[in-house]
Amino acid sequence: MKAKSWRELPPGAVILDAGNAREVKTGSWRTFRPVWVEENCSHCLFCWLFCPDMAVIVKDGKMAGFDYDYCKGCGICAFECPGKKGKKAIFMEEESK
Amino acid sequence: MADTVEIRWHGRGGQGTVTAAKVLADACLSGGRFVQAFPEYGPERAGAPLKAYNRIGTKELRMHCPVLNPQVVSVVDATLLDTVDVTEGAAENAVFIVNTAKEPQEIRQKLGAKPGQRVFTVDATRIAMETIGKAFPNSPMLGAVVRVTGLVSLEHLLEDVRKSFGKKFSEKIIEGNLNAVRRGYEEVKEG
Amino acid sequence: MATELKLKELAKKEPLFTSGHRLCAGCGAAIVAKMVLLAAADYPLVLANATGCLEVASCIQDYTAWRVPWIHSAFENAAVTLAGVETMYRALKKKGKIDREIKFIAFGGDGGTYDIGLQSLSGAMERGHDLLYVCYDNGAYMNTGIQRSSATPLGAETTTSPAGSAIPGKLQRRKNLTRIIAAHNVPYVAQAAPSHWADLMKKVRKALAIKGPKFINILSPCNRGWRTRTDDAIMLSRLAVETCYWPLYEVENGVTKITFKPKEKKPVEEFLKTQGRFKHLFKPENEWIIRQFQEEIDREWERLQKEETLYS
Amino acid sequence: MARVGAVTGNEAVAEALRQINPDVCAAYPITPQTELMQRFAAFVANGKVDTELILVESEHSAMSACIGAAAAGGRVATATCGPGLALMWEMLYVAAGMRLPIFMAVVNRALSAPLNIHGDHSDAMGARDAGWVQLWSENAQEAYDNMIQAVRIAEHMDVRLPVMVCYDGFIISHSIQRAELFEDNVVKGFVGEYKPLNPLLDLDHPKSYGPLILPDEYHEYKRAQHEAMTKVKDVVLGVAEDFARISGRRYGLFEAYRLDDAEVGLVILNSAAGTAKDVVDAFRERGVKAGLLKPRLFRPFPYEEVAAALKGLKAVAVLDRADSFGGYGPVFMEIASALYPLAERPVVINKIYGLGGRDFLPDHAAAVLNELVEIARTGRVRVAKEYIGVRE
């Protein structure tokens, strides 16, 4: 975003564009990324629930992958994933791979 | 009367001295006059000596300091004469109005009043006891001050007292106070 | 109709607290805010925030992660700032300028709630404003670099209560803020934790349905301050509940109810050993602190159970 | 028709607030403001206003609640004094930085220690840099008039800044004076309907108030805030003009009293200016060309206008009822700054008077004027800053 002149600023620093933080792509913070293994997924949605960055995509009530624009790679989703038959549906892998 | 009349009241906390100054200011508003009424503020409580002031003028009153050279000194409690110099700064032609059963001549001597100064007395506490049933001498003192200064007519003062007391007090108390004012007005005497 | 407290249903709505906020990876406060708003999303909402991690990271220069009206004015006054908003709402409603039923929620960390904001919170609770105050308790001033607060647990190392050779971390026990607010005799006070999400959301729902001042104290794991991994916030929350370090209960109109009783109460070491801030407690000379810690927990748990039986 | 009443300053301002009928008022009692809020609470209790009154637990919370209420989107008033204003300090800046048109009566009182509850300008002078518009008032009438005008100034779309209306504790707040009070409908018509700007309670357009702003933008925000202040003078004059129409009373940025041909002059705020005006008249009668400047708008300070009003004088004394310990009095600093750009300027001296309610007497004004006459004659200044009315 272009740096603004003082003349262009909203009075009192009020932000009028609610939820515009989505323009800030925090995915760049990530050093590890969650990888989804669909066949192990029970669609319990705990990953969606516990994700601090609202970076788990749910479609029609089912887990549908990650929004890597925002995922900071904390790994809570992988840690909390119950998986299926002892196999986790999410694992973390190093970002550079 | 001069453009501005300055009055100093001497009383004790709880005697209604400040109220008297306020009622007088209110009554003097008529005729487009300018008024001030204010006590000297301190942490004093009931019983402590206090001063209150009035300025009544035909021009805007811009002085916002205590009255230093009063033309009228109203002493609501005569016991103050022994502890407070009520003559301090009084104008050469000042009038003193003292609540006491004593004769004006005696008070005149006690005050050491100057030749141009006049001394009046009124037994305001006795009047208050007989009219209101309590030792609140401020109403008779108001009557006396108005009589001596001629700032407003008695009728006007009575009307104003009724108005300002009417908000808070019963008819019995109001009547008592009106009587007290009237008697103060009538019984004040010069020596 | 309120959205069912089922994840499939809740996930249908776009979250009111959005991505793009700048809280740390794995932040508990983000999860707490998200859960509270998931539970509250059926209502028109207006929020306030005390200065702190959640505030600086969610609303920073031109960008806000809040999709509902939100105000931050200072560190110590989220409760009364929101009380001002809520009062204006009542004034304008009375004049017919607003007709919607708005719910008001304030967020503050333990610094802004237990310490510097306690007076403002107490005032707002006593005056009966119709608002819910949510404290996300991460047990120290994390925003400014992990300084001790009155919510910092006994023995914990912070940057202002370092585990030194003479003093082994914080020597004072936590303030029990939930009880302090309950002593205001407000209609609803509760303690919750994000690991027990359904319990948390039910409490938020219950609170919002009640008119008057409400308070929920929510445990908020902080991997930076607790010296843990970024992926274990929920596990730590679970351990806090299961050791009864962070009992889940509510006080509704003066009646205490424990909302979750662990089948087996785990020893506090299980919670302490997971975190770097307690590492020094496991040296032999500091074992007394762990004993004292356990005694505190036992006493409070005992008290809560007794209090509960008073009304059952 | 206006009503003429004998009222205390607090009573007059309470009347103004009743007639303005704000949506929300949050306040905490403190002497000598207490009587004002008591009266207002009675109005609320008796249904004389529609205001929702929040009786908070501190002044810090009073201003915080005002900020929340104002951001929410309605008209907000409060009142305080002395230590209460000091406790609000942090939030004063927030109110101004958020551009919230809150208006507040400040019943000027001294700051501790030692404890003192009396008239003194240290409170408002300490708050002068907070970004609030400051109007100062000589007496009950001016306090009442300023409070009513403050609403229009604060809420003007070019301004949208909080305004404090100052008047002297006890000297004005507690003394009964004659004042002309409007009929309620006149005030209602004058202040008009409140027009919210970015109301937080507008759910269809959610906003975030109070973001964190980093060094690469904060500076710009403060520049913008200053810009709003530069609009205040014109708005103050415009509002004063409208006010003169309903009242016949004319207000400016300051009052220039017998300054036109004056050679010596006093600059003095609030109630002491009244006392000094009588002394100026007495000097005029003696043939001394004396005058007086009484600032009304102290923030923003009208430097050019003040300089123009004082430039023909030979000697000026600035009287301060507050001190900046180790510096000059706060009014002096402004006057000196105003006069500095002039090629030829009066000699300026500073007198500190009346701290903690010490009476300002006609003799004090007379002594200062005599000193100015001497300075005008000889060009020699005995002492630049001095306490007057102090026991040596």
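Letters A, B, C and D mark the chains in the order given here, with residues in each chain numbered from 1 onward.
What we mean here is this: a residue touches a chain if its C-beta (ideal position, glycine included) is under 8 Å from a C-beta of that chain, and two chains touch if they have at least 3 such contacts.
A quick map from chain label to UniProt name: A = Pyruvate ferredoxin oxidoreductase delta subunit; B = Pyruvate ferredoxin oxidoreductase gamma subunit; C = Pyruvate ferredoxin oxidoreductase beta subunit; D = Pyruvate ferredoxin oxidoreductase alpha subunit.
Note that the structure is a prediction, hence the values are computed from the model and not measured.
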{"item": "Labels of chains that are neighbours to chain A and to chain C", "value": "D"}
{"item": "Selected interface, A-D versus B-D, where C-beta contact pairs are more numerous", "value": "B-D"}
{"item": "Separation of mean Cα positions, chain B and chain A [Å, integer]", "value": "81"}
{"item": "Approximate Å spacing (C-alpha centroids) for the pair chain B, chain D", "value": "35"}
{"item": "Geometric centre distance via CA averages, chain D-chain A, whole Å", "value": "53"}
{"item": "Whole-Å separation of chain centres (CA-atom averages), chain C against chain D", "value": "43"}
{"item": "Junction residues of chain A - those touching two or more other chains", "value": "15, 18-19"}
{"item": "Multi-chain contact sites of chain D, meaning residues that touch two or more partners", "value": "98, 206-211, 213, 216-217"}
{"item": "Where chain B touches two or more other chains at once, by residue number", "value": "none"}
{"item": "Arrangement of touching chains [line / ring / star / complete / other]", "value": "other"}
{"item": "Contact footprint of chain C on chain A as seen in their complex", "value": "1, 15, 17-26, 29-30, 44-46, 48-55, 58, 61, 67, 69-70, 72-76, 78-80, 92"}
{"item": "Partner chain A, residues of chain C touching it in the complex", "value": "7-12, 15, 17-28, 30-31, 34-35, 58-59, 62-69, 194, 197, 229-235"}
{"item": "Complex contact set, residues of chain D against chain A", "value": "97-100, 160, 197-198, 205-211, 213, 216-217, 219-221, 223-224, 227-228"}
{"item": "Complex contact set, residues of chain B against chain D", "value": "21-22, 25-26, 29, 32-39, 41, 61-66, 68"}
{"item": "Contact footprint of chain C on chain D as seen in their complex", "value": "23-24, 26, 50-52, 54-58, 60-61, 64-74, 76, 90-91, 94, 98, 200-203, 206-214, 216-217"}
